[in-house]
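Below, chain A partners chain B and then partners chain C, in two separate complexes.
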Partner chain A sequence: MSAATATADPVEAHPGRTARRPARARARRANLTGWGFVAPATAVVLGLSAFPAVWAFILSLQDWNGFGTAEPVGLENYSAMVSDAELHAAVTHTVVYTALFVPASVLLGLLLAVLLNRRIVLIGVYRTLIFLPFVASAAATGILTTYLFNPQFGLVNNVLRVVGLPQQGWLEDPAQAMVVITLMSLWGQAAFTTVIYLAALQDIPAELTEAARIDGANRWQAFWHVTFPQLAPVTVFVAIWQTISAIQLFDLVYTTTRGGPLKATETIVYYLWSAAFKDLELGYASAVAYGLFAVTLLITIAVTLYSRRTKVGAF
Partner chain B sequence: MPIPHRRRAAFGTLTLLAAATTLAACTSSPQGATTLDTEADVTLTWWTGQADAAQTILEGLAQEFEDEHPNVTIDISSGAPSTEDLLQKLSASFAGGTYPDVSYAFGSWASELADSGRTLDLTEQVADPEVGWEEFSGAARQTAQPTGDVTIGFPAVVDNLSLIYNTTVFDAAGVDYPTEDWTWEDFREAAKQLTDPSTNTYGYAYSVSGTEETTWQFWPHLWQRGGEILSDDGTTATFNSEAGVEALTFLRDMAVEDKSVYLDQTDTKFTQLFASDRIGMVTSGPWTLYDLGVAGTSYGVVQLPGVDGVHTTVSGPDLWVLFDHEDVNRAYWSYELIRWLTDAEQDVRWNVEYGNLPLRAAEIDTPEFAAQVEAMPGLDVMAANGVNATEPRPTVAGYVKVSEAVGTAISQVLQGQGEPQEALDTAAAQATAELADQ
Partner chain C sequence: MALLLRDPVAPVVDGPPARRTRPRSLWWHLLLAPVALLFATPFVQMFLTSLTPKEDINTFPPRFFPSSVTLEGYAKLFEQSDILRWMGNTVLVSAVAIVSHLILCSLAGYGFARLTFKGRDVGFFMIVGTIMIPTQLLMVPTYILFSRLGIIDTLAAAMVPWLASAFGIFLMRQFFLSLPPELEEAAIVDGCTRLQAFWRIILPLARPALATLAIFTLLGSWNDLVWPLIAINDPQQFTLQLGITNFQGARRTDWSLLMAGNVVATLPLIAFFLVAQRQFLATMTFSGIKG
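Right, the complex of A and B next:
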């Protein structure tokens, strides 16, 4: 095909004769060129996203340990999820984490953005400092967490000891571990919501607030009735974004507690990772992954529809 | 420089073609040799699962083998960022058809690998008296023959658990050092005396991560009391017997009542704390001695405490697994390479040189081993402790799930949640169900 195309247009070397070239051949050549450009990217996307996704779906209908022969089991993996107590516990942990993390990161982001959205000395330094933890990898954050919150030798308990408060188990106490993980991921992730809110705040014309102030609104009223409604689309966006990243929590758990103590911090993604790579139940783990995918998709669709109907316009 | 249009079109088509060929190449595999020709050129891929100094030693040996046999090229690499990741890597390489000729493998993977149908069977070759197969420890041989019918490789590294004590902590508390004749009651008493909450010092440390680290530390307690992990036919979990309950009760009493045990959630922290004189005793293997040497900790090594004079320990033999590429030349040279490597003459320059235990008992008398003991005191005690590794860990498929069920039960009980009998019964029921699933 390429040879035919090439011989059909001896035009390139003689630009003056362009007009005589048949339009169909030109269109076909343009098409091919276009495909040539997108082919590498398409191959990457198909190879690294679509192909694994399809394969994972096929796996989810099989019983396979990664080595022996895979046995087709139909929807058995999916029905096993219904009665899997450990999975249900992992779902609960994930929901608890999401409920703690999402509102906190949105509020904290908003607060920090408002504080940083002013002209004061060294503002650039403050903004950089707030953003810095976001750049640190979750692995580094995790290792830092284990040092800070070690019950026997950690800094936090040392501080408590100095001020005379009782020692805490932190990451080794099943009741506190999830809270500590939430705190540490807030430390890293609040920067993200801050940056988004900061950008949104700077898009709001100053005249609006000024007008409200002239009309007699106090600062809080001006913020709550004028500025905040303008931030609604951004709020919807960061809430969805943070929810999706919260239900996919894995790295911080992996580097701190490995799902412990007593599986109190085992999230859905950690559970499916351990099902796949520790228990070698690749089929079941794929089914859990598809379950998680369905939930994420539903949340996104629901919120998108809602925001379209109410004209918040986040998407 | 802009590319002329015509060439661009051709370039685009070429890219598509290239992408298609690459995809096609993933599924095709070349036909292997069917008649043995030991002079033919072969290239072997060898995943060592090692890093740093260990990898350097093996690379040197591979080079030596290549020099001796010029028609053999060895493509040697770690295979994965950590030994644990090799399992994932092997699974992926089977799917892609690009698996190695030889790979390091943890003993606990043996059944799964044998199950893959991609391993060579060396049973006939290792029957040759020249190989000296009987010189490997029983546990190591059994792991290389996970199903009993096929031999999937050679023992690569052997180890066992011994009692390592920190002399600085013992001296500070004025407690006598452990001896060979210690019972677990002596052990418990010493741990209690070493523990000092005001300085955050603990007598003993136990992993409660719920992994195999948690589980295998428990097996000596079970075996010494006469218990068994599984029934003889390997279908029923029997670790919840009276012996198991007694063993777990003993550990629970130390952790919960005496509070003399540092409960480690991570598997790694207790070695560091031991090295910095915060923990008096750990039960661990040769790899710990290396870390202690680096940290400059003063320590001693003795066999595990016992029950009625029985000091059974647990051993975790790892393997060199050989894979089948339906090519007799590659199979021949893979076997020759690993047989050569695990020979006493080479093993003193690899395992002994690196600080692992010798694979074969005969190496204990070599000057190389004596030099290593000089550098890592206690290594000789650990090597001698090999005779106490009489019980193999189960090699049935599904051991990983048995291990997980037990690990969870132990972690719960040591952290004060649940009773030994109840927790072990639950774990046994779960393990039996998992075994039936296989």
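Right, the complex of A and C next:
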């Protein structure tokens, strides 16, 4: 902010042109110029997020199917969530996915970053191959997943057959479907955590590890006792970011299992989507969305406070 | 939040610190090569399957490489679907999104960084606050809003959410704050208006930030599924992502055709990534976006 204040309209520093103009007119002109620059984007952003967010809250206090008249029901939609068994199942599935995905993606990102942080031949090729899946859309990843993990002719079962392991049902098995979705999410998103860790690794001065090595630490000790603690803020940041994206899982479920088999992969957002657009319970869906928002906020605040207290703060 | 982590245009993976290559790097290859191959496998299968004759897919044991190469899948794709139309739709949506994003967000970013006016700080605070609002909270009211505006089942429904973003405004503001203010002051003293100074002096300097923003918008709008999914039912108005997703439900058995569609939808981004890898990585560090 200070930079902007310091640069206040340079026209003011040009007495010849402004001396005669009254101060109020000048202020009005500055306001007009300022809002002229920021108004279009501000209108789009607030109109498509703040405004609908408030609207969603109003909807969450109503019973409405989108056509008839909306009926005010107070907090009934919120209290209905308490006894909604399907929602509870969706919460469980989401928690399972988050518990699988977040630690795996943080560890994988760290591992890949350490491996890729070395100037050897072919490193550019390795890096490109590992990062490329980042451009794959949920739709593309969904099609690839159903093909690779097809129980009859999929590549994965074929590899298992060749090495003599039993065939699996994968996406058709309620116990395995979420694992498959986790694996393919990791494939598509490993690049993100890796790039973040890679950038952080390159910001750590080489002297730190060198000093540890001179003091007699081996490579492994130097990494865990010197490098890894330096990465703590990045780890906190990446873990929060991945948690928030994990509890919002929808796209890949839609493009692989559509919540099946036997609703085993129905996540909170998938449930919210089907409540809104299949069952047309717009009020209830909005209440679920607000519940999810509240949980996301609480997690973010809790982790931020915790990391502040333990002084690894990423924020 | 990712926003606070790094400079928007800092070089990211310019190369690790120089180190002498020792024979030990053989171990590194033994670790990295299989991992890299594993990551490449799904895409390799996608390309190979799109060129596989139908008979091959049901043979047992399944084969990784097709017995012969055929373009049947692509021929059927272009005959039996509106893939070209979907491609055109997606290109149009992404083009509008990128142009609009670059213009609106750089104007606003500049205004918030450099101009003094009433309500500036409150406005900026509200915009940054919206980053916390999750997409799914907006699905229902946005759908209703779109239907009141009469843009359900039109491409506008896929474009409007991408016209500008809080992220874009934030990114451009951070960049403009890093430029020395003397630049445009000199231009204004020389008689340029604010807008002229912005357009002629400032914007050309912002190319790296604009590249980051353009890639962010391209990835997001090209791969977007949620907004087209809730707002578009008319196959004529499908985007590529919506088209191939619908395909998957309808033609699960015709894999060469499905994979051909997948190649057509993904190849442009793959090619672009290969050309502009460095900018992609910068965008990734800064935003963490994934469709």
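Throughout what follows, the second predicted complex is superposed on the first by the 298 of 315 C-alpha atoms of A that agree within 3 Å, B and C clash if a C-alpha of one lies under 4 Å from a C-alpha of the other, contacts with A are read in each partner's own complex, and residues count from 1 in each chain.
Everything that follows uses one rule, which is that contacts are C-beta pairs under 8 Å (C-beta built on N, C-alpha and C of every residue); 3 or more make two chains touch, one makes a residue touch a chain.
Because the structure is a prediction, the values reported are computed rather than measured.
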**Prompt:** Aligned on chain A, chain B and chain C: do they clash or fit?
**Reply:** clash
**Request:** Kindly classify A:116 by the partners it touches after superposition: chain B alone (first), chain C alone (second), both, or neither?
**Result:** second
**Prompt:** Of the partners chain B and chain C, which touch A:235 in the superposed model: first, second, both, neither?
**Reply:** neither
**Prompt:** Given the touch rule stated above, what does A:202 touch, chain B (first), chain C (second), both, or neither?
**Reply:** second
**Prompt:** Just chain B (first), just chain C (second), both, or neither: which does A:187 touch?
**Reply:** second
**Message:** For A:243 in the superposed arrangement: first (chain B), second (chain C), both or neither?
**Reply:** neither
**Message:** Is A:278 touching anything from chain B or chain C once the two structures are fitted on A? First, second, both or neither.
**Reply:** first
**Request:** Pick one for A:251: touches chain B only (first), chain C only (second), both, or neither.
**Result:** second
**Request:** Please indicate which partner A:65 is in contact with in the superposed arrangement: first for chain B, second for chain C, both, or neither.
**Result:** first
**Item:** Larger contact residue set on chain A - chain B or chain C
**Value:** C
**Prompt:** Touch check for A:131: first (chain B), second (chain C), both, or neither?
**Reply:** second
**Message:** Per the definitions at the top, what is the overlap between the chain A residues touching chain B and those touching chain C?
**Reply:** 1, 5-6, 9, 33-37, 40, 66, 146, 153, 277, 282
**Fill in**
Seen from chain B, its contact residues with chain A in the complex are 4-6, 8-16, 19, 22-23, 87-88, 90-91, 94, 112-113, 115-118, 200, 208-211, 262-263, 265-266, 269, 278, 397, 400-401, 404, 408, 411-412, 415, 417
**Prompt:** Contact residues on chain C for chain A in the complex?
**Reply:** 1-2, 4-6, 10, 12-13, 15-19, 21, 25, 28-29, 31-33, 35-37, 39-43, 45-46, 49, 57-58, 60-62, 64, 104-105, 107-108, 110-121, 123, 126-127, 129-130, 132-145, 160-161, 163-166, 168-169, 177, 181, 184-185, 188-189, 194, 198, 219, 222-223, 225-226, 229-230, 240-242, 244-245, 248, 252, 255, 258-259, 262, 265-266, 269-270, 272-274, 277, 280-281, 284-285, 288, 290-291
**Prompt:** What part of chain A is in contact with chain C in the complex they form?
**Reply:** 1, 3-11, 13-14, 27, 30-31, 33-38, 40-42, 44-46, 48-53, 55-56, 59, 66, 112, 115-123, 125-144, 146-148, 153-155, 158, 161, 187-192, 195-196, 198-199, 201-202, 206, 237, 240-241, 244-245, 248, 250-251, 254-255, 269, 272-273, 276-277, 282, 285-286, 289-290, 292-293, 296-297, 300, 314-315
**Residue ranges of chain A touching chain B (in the complex, touch as defined)** = 1-2, 5-6, 9, 12, 29, 32-37, 39-40, 43, 47, 65-69, 146, 150, 152-153, 171-172, 257-258, 260-263, 277-280, 282
